[in-house]
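So, here come the structures, one by one.
Each of the two complexes below includes chain A, the first together with chain B, the second together with chain C.
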Partner chain A sequence: MRKIRCWNAIARAVLLEALRRKDLWVIAILGFIMILGASALGFFGVAGLEVFVKDLSVTVLGLFSTIVAVLTSVRLLPDEIRNRTLYPLLARPISRFDLLFGKFLGAVFASWIGFLSLSFLTAIALLIFHVQFEWVMVQYLVAKMMGLVVICAVTLALSTFMTPQAGATMSFVLAFGSSMMIRGLVMASDSASAPMKGMFQVVNAMLPQYSIFDMGSRAANIGWSAAPLWVMGALLGYMVVYSGAMLVLSWSKFRKQAI
Partner chain B sequence: MSNAIWAEDLHVRYRAKNGKWIEAVQGLSFQVQAGEVVGFLGPNGAGKSTTLKALMGFIEPCAGYCEIFGEPAGTLESRTRVGYLPEVALYYPFLSPLETLTLYGELQGLHGRQLRTEALHLLEVVGLADAATKRNKTLSKGMLQRVGIAQALLGEPELLILDEVTSGLDPVGRKELRHILHARRDAGCTLFFSSHELSEVEMLCDRILLIHNGKFVEERQIPELKAELRNYELTYDGQASLLDLTEDWSEPKPGEYVARFHSKEALIEAVDRIHQSKGKIIDVVAQEGSLEDYFVETIGRAA
Partner chain C sequence: MMRKIMVATILLAAISVGYAVRNLGEVVNPPYVPAGLDAQETYASMSLLGQFKTSASAWLWLHADLYLHNGVEMREMTDAEKRSGVSTEDAADDGKAKLMDEETVLTTVPSKDRDFRGIFGDIERETSAYKDMHHHHHNDPKLALPLFRLMTWIDPDFVPGWVQGAAIIARDRTNEAAYKALEYLKDGRHQDPFSVSIVNEVGQLYITRLHNLPKAAEYLEQARIMGRHRDWVLDDTENNALLQCYRWLTLCYRDMNEPAKLREVATEGLHRYHGDPVLTHLLFPRPGPVVERLSH
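Moving on, here comes the complex of A and B:
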């Protein structure tokens, strides 16, 4: 119970910071711009462009939610160390893992709030022009939210090993380029010798598989059915294992770090 | 009396920006007993803050050992009983003092109405009741230091470890702080703090520990030290011989002498002799010795 209270207090502070630093306001402004964009499309006639508009919307949603997740997570620990706000926190009877986990939860909630707010604004913008998402959209949202958890965990881990700038760059490269890297690894693995194939497979397994959380195409197309429940279960399992591994990695560096 | 702090042969080193290892604390051993008020003194770079960080578990010693109330320093058990004020007071700029205290209070294990009441009370104690809901980023350095003091007092800790406690405070703030710390001491709290304000140290402490270049130099009880530093200046005329009582004397005017004594006994003896030789006492002044001079001299010897 005490641990939950600690995590809650730390996560709440991260969330308050995101709100008061106006990070999430940027999302609202972007949503407003999207409404204006949708109005323009409506002006030129959106009929027949429904799939295109929906595809564009989920792409924008994915892009901006990733940016929020990375920028929120990457400064959590480096900022605390640089600003020396870590001292009064760690002077309390809490472990470094509790601090790390609370911060991680805060980053996850902040990126979820940003993502859901933007999704809500997008849905309203599209509804104005009678473009409706189907129920599979809910599945897209849930999968994307799980993907954001992995992005936050990876970014937090990177920020404990490198500067915030390097961590953010690396995280963006992974978030937007991992599917390309993975495709390259699979192709290289097909034509490689047995030992090299094994190595490629290990590297592939170590890379975050962000693309599996992207159900944008399914949500954008008309008449596509929802993915089976076991797929969502598998995504949840991957999220827990991969994010857990990233948190352990962050903690292994942070637990003995002199501050 | 049990030890609130026990450090034994403490060695702490860290890697500087140029990659070289710096041994900031070299074999430091000391004890602070429960209920004591101890000042931790040394020039800049002496290793004071590093020692305090080691006591809080922020830095792991490379050798030696330190304990807080019998628990290894840095463990959750030891930190439960400690309030800590860091050297540079930076608190979340986007939170208010009340929210800051609420956050730290929750991490301390307080919650609900009890936490809010204590947070508001502490803000009043440190003189920040009017600024309780202002954002920290709008507060002055001195006000932020007060937030720091309030957060250190949360949960009524049995030991207060304060790094540069008077930093950023104006004379009024220092006086108020003195009252707060006296009240904590009277309540049985142990105080261990570093400061460059020797007058504050003198007014607050039972004992001082001096370090230089990460090594222990000297420890002194404040009342003894003050007595040692105190001297008496006697101005007289006449022919009394005081050379065996003091070598520190001068003749500012022909026939008028000024002699300085380090003990009251010597002074009384001198007064007797002046009376016996029909001399006249013109003035007697008791002077409190300067802790600053003692500090400079002792550190100079240790360097």
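Moving on, here comes the complex of A and C:
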């Protein structure tokens, strides 16, 4: 119980810091402006444009929520170390793991808040366009939130091994490029030898599978049903396992780090 | 003082020369569509704004194709896939518009038999817009019509945007829809006055929708002349439109009972497109299947 209170306090501090920096507000306003811009495209004929607006909305949501998740997570530990605010924190009866986990939770909540506020604004824009509600949209939100957890964990792990700038760059490369890399592996596998295919399996397992959390293409287009429950369970399982592995990696580095 | 006046005069002269040759850019570096690319390049090499316009219209063109497939992303096969005999996911002949050649396409998310990823692949097929696309059908192209309007607004030199957009408007098969399509193409002709594809499309609309052969012949003749005189700038799309133009024009003259003109056009067409079966058949009619008459 004490541990939970401790994680809660650290996470709240991360959230307050994110609000103080006004990152979330800037991104929410930018996203809303972009979506309103899309609504103005009604000039080109409203019928049929709903799909385009939904598509643009999920693209904006995916892009900005990823940026929030990466930028929030990447500076958590390096900033504490650089500003020397880590010393008073560690002087309290908390372990380095508690600190790391609390920070991670804070980053996740900040990303979720950014994502959900942007989603709320998007929902208003979609209502203006008379876009009908579908259950797959809720699934899209839930899956995306799970995906953000993985992004935060990966970025936090990278930030313990590299400078914040390098960590952010690597994290963006993985966030926006991992699906392309995986697609490349799949395309190359047809003509690959058996040992090479084995290598592809290993690389694929190591890369974060962000694309499986993105249900945007189903939510934006017409007539796609919600994914079965086992899929959501599998996503949850993957999120827990992969994020856990990243946290263990971060902790193994951070616990030995001289500060 | 004299020096300032001289500098001002030189500056004024430079600006005047620049203004006088402002249209030279299009002559030296005309907008074009590189052969073999489905996404076009019309402006990108000319300016930064041009790059934006080209990127935006190319993005919309690709998205229009995506909407026709209801979000299922398709990609061209690699050479290795072609060699290994992977079965194509070509569309069924549903009479709806294709924006790309689909005889060698696959879904970007691979089917289970082509995917080494096991459960990751299974999950992705459930979370993304994926379905087996063998002999697939397309969504009604009207869904993508606003995108065509938008892409031609952003990049007026993008000829396929005008042609496909008009074809989609005319799908209603009413005279009203045909006139709307002609209005749309009129805007296109205003922007791209030398496009064979656009004028050819106007001619085709007059034949297939309004059954007005003399008017169609008038436009197809314009397209033929433009094709003849602008041989050096015709890319694959325009070249194909010119072939269609020769075929339609020959058919027009056949149905208008003008054999001399038929021979002239068909001969010229065959001179350019050696051995084209339609033109050959129209120039040297033989017993066998007859090319359907346009008035039917």
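Note that in this section the second predicted complex is superposed on the first by the 247 of 259 C-alpha atoms of A that agree within 3 Å, B and C clash if a C-alpha of one lies under 4 Å from a C-alpha of the other, contacts with A are read in each partner's own complex, and residues count from 1 in each chain.
In the analysis below, a contact is a pair of C-beta atoms (placed from the backbone, for glycine too) under 8 Å apart; a residue touches a chain by one contact, two chains touch by 3 or more.
This one's a predicted model, so the numbers in the text were calculated from it and none came from an experiment.
By the touch criterion stated above, A:Ala258 is placed in contact with chain B alone, chain C being left untouched. When the shared chain is aligned, chain B comes close enough to touch A:Leu16, but chain C does not. In the superposition on chain A, A:Tyr87 contacts chain B only, with no contact to chain C. Of the two partner chains placed around the shared chain by superposition, chain C is the only one that A:Ser211 touches, whereas chain B remains out of contact.
Looking at the superposition, the partner that touches the larger set of chain A residues, chain B or chain C, turns out to be C. In the superposition on chain A, A:Ser193 makes contact with neither chain B nor chain C. Of the two partner chains, chain B is the only one touched by A:Cys6; chain C is not. Taken together, the chain B residues at the contact with chain A in this complex read 14, 53, 56-60, 76-77, 79-80, 82-84, 86, 88, 90-92, 94-95, 99, 102-104, 106-109, 111, 148, 151-152.
Put simply, chain C touches chain A in their complex at residues 63, 67, 70-71, 73, 78, 80-81, 84, 86, 108, 110, 114-117, 119-120, 123-124, 126-129, 139, 142-147, 149-150, 153.
Residues 41, 44-49, 51-52, 55, 143, 182-183, 185-191, 197, 200-201, 204, 209, 211-215, 217-218, 220-224, 227-228, 231, 234-235, 238 of chain A are the ones that touch chain C when the two sit in their complex. Residues of chain A that touch chain B in their complex: 2, 5-6, 8-10, 12-13, 16-17, 20-21, 83-85, 87-95, 256, 258-259.
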